[in-house]
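Below, each structure is written out as C-alpha cells.
Two complexes are shown next, each including chain A; its partner changes from chain B in the first to chain C in the second.
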Partner chain A sequence: MSIIAPKFKLSEFIKSILDNIFWILLILTLIGLPAIQFILFYIEMPVINGELLTPFLALTWLADPSRSIPIIKAFMTTDLFRIAAFPGFGFAALIAAGTIFVERKMLAKLQLRVGPFYCGKVEGILQLMGDGLKLISKEIIIPAKADKPLFWAAPVLFVATAAAFVALIPVAPGWVVADIDVGLLAVFAVIGFFPVITILSAWSANSKFPFIGGIRALYQMVSFEIPLILSLLGVVILTGTLNLSEIAASQSSFPWIIFLPVGAIVFFITMLAELERIPFDLPEAESEIVAGWLTEFSGMMYGLVQLGTYLKLYAFAALFVVLFLGGWNGPMLWPPFPEEIITEGIELGPVTAQFPGLPILTQEMINGTLWFVLKTVGVIFFILLPRGVFPRIRVDLLLDLGWKKLIGLAFVNIFIALGLLYAGILGPGGIF
Partner chain B sequence: MADAVFLALSVITIGSAIAALELRSLVYGSIALMGTLGGVAGFFLLLDSPFVAMFQVAVYIGSIAVLILFTVMLVKRELIFKKIEDKRRKFAGIGLMLVLMVGLGAVVLDSGIKEITTDEPPVDFREIGTDFLTYYWPALILMALILSGAVTGALVLARRVDEENGQRVK
Partner chain C sequence: MSSPTLPPGLAIQKADERIMTLNVGPQHPGSGHMRIVVQIDGDQIVACDPDPGYVHRGEEKMAEYRNYTLNVPHLERPVIHDSCNILYPYVLASEELLGLEIPERAKYIRVIASELNRCIYIQYWLAIYGIFLGHSTMFMWPAGDRELLIDLMEKMTGARVTHSYFIPGGIRNDLPANFEDVCLRQVNYFEKRIKEYADVFYENPILISRTANTGVLTRENAIRLGTTGSVLRASGIDYDVRKKEPYDVYDELDFETPVLKDGDSYARSRIPWLDMMESCRIIRDALQKMPKSGSVRVKLKPNPKGELGSVYKRIESGRGALGCYIVSDKKPEPYRVKLSVPSFRNLIAMPHLLIGEKLGNMPSIYWSLNYWPVEADR
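And then the complex of A and B:
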C-alpha cells in the first residue's frame, strides 16, 4: 500500500486508461473525421510536385524521414537552436544539473554518508527533480524592508549573465553561439558583471548576513579577477588571437598546459575563488553567516541563483578546457557513419528505405563534443573535489594569496610565454 | 537599422546620465551611471570597434562602477554631501552644460566629421597593438610607469605598520 495514493487499485488504473482511450476515439470520430472531410471538400489544396496535397499526403510527409531529416538539419543551424539547445543554455543546464547531483553524491561518499538515496529508487537519481519541484512550489518571501525591484531583478540578471558566459564557449568546431573576434575580452567583460549583481542583490535584501556576504564576495571576486586575466595572457601571447575557437583549434597537436602549467594552476585557483567554492567560500560561509548573500532568497529565486552558479561553474570549467586542455581536440573515437546507409539505404526484409540527408551530425562534431564533454567533466570533478577535502581559508590569507602570490605567479607565466615566443619555439612563426 | 540603434543608445546614455545626477538614492544613481557607461560601450560597438567596447565594459562597469558602489555602500550618506536644493544653482548648471555642449558640438562639426566615409572596414586591433609597440612606444612606457607608480603607491599606503610575519603585534 502506497503512502501517496492509499486507495490505489490496479483494476481501477486499467479502467481509467481504457476510459481515456474510449473518449479519445469518440472525439476523433465525431470531430477529427468530419474536419478532414471538410478540408477535402471545401478548401482548395495546393499542388506540390504535380501531386495534390491531401491531408493524407501531408501526414505521409510528416512521417517520411527523407523529408523530415532536412527540416531537422535546417532547424539545427538556426540561432534559436544554438542559443536554447545545443552549445548554449540547454546543454549547459543539463551538465549543471548533472554536476549538482554528482557533487551531492560524491561528497556523501567522501564523508562516509549515503547522500540522496530514496528519490527514484536507484541511488536517489530523481532527487534533483524533487528539489526542483519543491523550489518551484515554495512561496517566495521578500523581506519587508527590501528594495523590491533590485531584489527581484538580481536572480534573473545572475542567470542571464551566466548564460551570456556560456554563449561564448566553443564546444565543437563551428559549434558556438557567439563566435566573436574578441571572445576572451568578452569573457572578461561578462565576468565583471558578477560582483555587481552580487553586491546589488546583497544590498537590496536589507539584512545583515547578505550584506556581509555580498561585501566579501565583492572583494574576493574583484581581487581575483586580476590574476585571472593575467594568467590567461600567456595563451593569448602564444596564439596571437583572442578568438576562443581559434585558441582551441591552435591546440591540435598539444594542449597549452604542457608549456604553461603555471598559468593553468593560477587560473584554476582563481576559478575556485570566482566560483565561491571551498576553500574560498567566504561569501557563502554557512557556519558563520547563515548562507551569505543568498540568505534572504527563497523558493525559485534561490533556484535561479543556484542554476546560475552551476552554469557559471560549467562555463569556467569549459573555459579551462578551451584555453589549456585543447578544447575539442582529441583522437578520433567515434566510428564514421556507415557509407552503405547513405548510398544504398537500410534494408528491412523486402523493404529498402532511402534516407537522403544523412548523417545529421558529422563525425568530427560528435567526436569533438565527446572529447570536450569528457575534459569538462574531468575539470568539474577537480573543482568539486576540494569541497570534501579542505577547510575554509582565512580572509587575510585569501587576500594575501590573491594579491601577492597569484599575481606574481601569473607574471612568471607571462615571462615563460614570452621566452618561448622570442626563442622562436612556439607562437606565430615558431617551430611547432 | 543602425539609426534606430543609435537613437536608442543615445536615449539610454543621456537618460541614465541625467538619472545618475538627479536620483536621490545613491545606489540607483550608480546603477544609472553603469547604464551610461554601457551605452558608451554600445556606441563603440556601433563604430565597429568591439575591442574598445569590451574594454569599456570590463574596466568601467566591471571595476569602476563596482568601486563606486562599494564606496556608496560603506560610507554614510550624510557624511558625503549636504543637500543643497537651490533653483539658481540648478539652472546655472544646466546653462553651463548647454554652453559646453554647443561649444564642443561646434568643434566636432567643424573638424571634418561630415566628410568621413562610413563603409571602410574596421581597424584591426592587431594594428593598434603594432602601433603602440612601434611608433607610440614612449607613450606606452609612460603609461606603464604611471600605472606601476600608482600600484606601488597604493601598496605602500595599504601596508600595515603593526604587522610582523602576517600577524598583528599590537
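And then the complex of A and C:
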C-alpha cells in the first residue's frame, strides 16, 4: 500500500502533548503577561471595602476561595452566562465542534482511511481550527446580480435561528435559557423559520443552481415538517404539557421511547431530512446541482452556515433526548459532595483550607448534564452513521416517503398514545 | 412591433418561462471534462445536448509524425487508467503491418496486464459512480482497493498509471521474479474485497430504488444506437470481442461474459462489477497456463517500415469494443491512425436516455453509460 499512517506510540503521544503545553506556556508568557501589565497600567482600579484594588490584591482575592467562589456562583446565575456559556451557545458550539471532529474520524475509519491526522499533532484534533482560520482568511465573493442585503443576512439569520433553537433545550433541572410554558410550540415555530431562510438565501443569490437547491429544500422541509410535528404529539398527549422541562422531568422512571417507539422512529427520520443529512441531502446534492443553495456562499459566509447546520444538528439530537430518551434523568454517577468540607474544611498537610460556598454546582446538575451529554452524543452518532452507508435519495421518492408513509406512521403513534391514555395506563391519573 | 434586423444565420428563440437551461459542466462536480446542456421543466429533463470536445488533443494526428514504437507513450494518454487496453489494438494492428510473430509467453503476460488494467479502470469508474450517487464510502473503498492492483502493475511495468508496457513485438520487459505468487495472492484478496461491495452498495435498497427502471435502453435501441461494452450487455445482448473475435490467447482461457436483461441504470452499473470477477478468473487461469520461461519480445530493427496496406483490430476494453485502424504507406511512420473508441459510441445513447427523466437521475444515468470524456475527445 502506498501511504500508511505511522503507528500509535505512547511515548510520541506524550511528547506531542508536552510539546503543545510548552508552546502554550511560552506564548502566554511572551504575549500574555506583557499584555496584562499594559492593561493594568492604564486602568483605574476601583475601591472596594475601603481598599484600593491593586493588582496584587486582585490576585490575592482570586487565590482566596472564600472571595472567588461566591463571585463565580453569582456569575453563573446571570443570564449572560446562561445564554453565552452553559446551556446556550458556548456549550452547543463545543458539542458541534466535537461532532465535526468525530464525524470526520468515524467516517474515515468506516472508509478505511485515516482522516485528519497531522494538524495539532494528536490525531488531527486542531483540524477544525485550521479550517476555521482558512475560511476566515478567504475572500467573500458576492455574485454581481445578487440581492445584497438579503444575501448577506441569510447566513447570520441561519446561525441566529439555530441558536434560538438551542436556547429552548433544557440540559439539566433548571438549566435552560428560555424556560417557557409553550416550549414545544416555540420549537415548531423555530423549525418553521429554516425553510424561509433557505429559500431567501437561494433566491437572493440570483443563480440557477442555488435556486433549484432552495426549491428542493423548501419541498423537503415543508413535507417533512408535518410528520415531525405529528410524531411529537404522542408525547404531548401523555404528559399533558408543552413545557420541555416538564416533559423531561415526567420521564424520571422510564423514557417515552418504550411506549412510543413508532413516534421516535418517525421523528428520527424526519430529523435526518430536516438536517439535510445523507440520505436526504438533496438540497446540497453535489453531483446534480453543485452545492445546492450553498453554491454562491464563500469564505466565512459558508463557515457560518456550516456552524448553524451543526448547531441545528445538536439541537435536534437534544430535542430527541428530551422528548423520547428521558432528558437528564439517569442513575447517579457523580458522587455526593460531603458536607464536612464546607463546615470544617480540608486538612491539606499542615494547612486547613476553608471553602465556604462549595460546591459550585449541585450534584443533580452535574449528574443530569452528564447523562444528557451521553445520550445526546449517542443520538448524534446515529445521525452521523447513515452518511457512510447510504446513497442519496431522489426527490419523488423523498416526497412519497414524507407524505404517504411517515404521516401514516405518525397517526399510528398518536392512536397508540390515545389508547394508552384512555386505558388509564399512562398520563395524568394513570397507573404509572 | 417590428422585429430587429439580425445578422444572417442568427435567430431569436422564443423564451419559454417554464423551461430553464442548465449548463452542467465543464466546471461542475457532476460532469467530467465535458458539458451537458440540459433544459428542465420543473424537475424533468425536456432536452439534452451533450457537448464533448473540451480535452481534444489530436492524438491521431500526432501519431502520423512518429514511428511505430514512439507512438506507444502518447497513444495511451486518452485513458491513462486503462492504458494497456487502449494500446492493445494499436499494438496488434502494427504487429500485423510489421509482420511480427509474438512469443507465447508475451501473449499471456499481455492478457494478464490487460485484465489487471480493466479492473483498475472499473474500480476508478465505480468510485466515481459512488460519489455521483452521494455514497462516499463507495468512493473510498474502490479507490483504496485499486491500489492493490496498481502495486502489481508497478511491479510488472515500473509505472503506476501510464505503463507504456505493450510495444509492437511483445512487451517491454519480462515479469519480475516471484511475480506469479504475489499476483495470485493480491488478486484473490481483491476478489474477496469486491464481493463485499454487494452489501454496502449493490444490494442497498436506496440505491436500487434510485437506479432501477431509470434510463431504460431497450434491446432494439441498444443495437440501433450502436452502443457497446457494458451498455450493450446490460440490455441483454451477449457481445464480447474477447469471445466473438478472440485475440492473443483469449480462446484458450476459461471465462464467461456477464449479461443482464433489464437495460436500466442499475443493470448497467452491475455489469462492470461482474466483469471484474470474471477478470480475476481470467488472471488466475492465465497464470496457470502461462509458459514459465521464454522470450517476451521480438527484436525490432530501428525505424521499422510497415507493409503497404491497412489493418483494423478490435479488443474489448473496460468500456467496450475498442478498435484501431492503421494505414501504412511503406514509411517508418503510419499514414493514418484512427482510434474507434467505445466512449464516443456510448455517448450517442445519452440524449435518448436522459430526456423525460428527473434531474436527480442525471448523474447516475450519465455515469452508468461507462463514458470517459477524455477518451471520446482523443
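Basically, the second predicted complex is superposed on the first by the 372 of 432 C-alpha atoms of A that agree within 3 Å, B and C clash if a C-alpha of one lies under 4 Å from a C-alpha of the other, contacts with A are read in each partner's own complex, and residues count from 1 in each chain.
The working rule: a contact is a pair of C-beta atoms (placed from the backbone, for glycine too) under 8 Å apart; a residue touches a chain by one contact, two chains touch by 3 or more.
Bear in mind that the values here come from a model prediction, so they are computed numbers and not experimental data.
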For A:Leu282, decide between first (touching chain B), second (touching chain C), both and neither. second
Chain C versus chain B, contacts on chain A by residue: C
I'd like to know which partner A:Asp396 touches here: chain B for first, chain C for second, both or neither. both
Go through the superposed model and pick first if A:Val182 touches only chain B, second if only chain C, both, or neither. first
Looking at the overlay, does A:Trp203 come into contact with chain B only (first), chain C only (second), both, or neither? first
Is A:Val222 touching the first partner chain B, the second partner chain C, both, or neither of them? first
Considering only touches as defined above, state whether A:Leu110 meets chain B (first), chain C (second), both or neither. second
First, second, both or neither for A:Val266, with chain B first and chain C second: neither
Do chain B and chain C land on any of the same chain A residues, and which? 396
Please give the residue numbers of chain B that touch chain A in the complex, ascending. 27, 31, 34, 50-51, 54-55, 57-58, 61-63, 65-66, 69-70, 73-74, 125, 166
For the complex, give me every residue of chain A touching chain C. 1-2, 107, 110-113, 208-209, 212, 278-279, 281-282, 285-290, 387-397
Across the complex, what residues on chain A touch chain B? 147, 150, 180-182, 185-186, 188-189, 191-193, 195-196, 199-200, 203, 211, 215, 218, 222, 225, 396, 400
Residues on chain C engaged by chain A in the complex (per definition of touch): 20, 22, 28-30, 43, 130-141, 144, 147-148, 151, 200-201, 204, 206-207, 209-210, 358-363
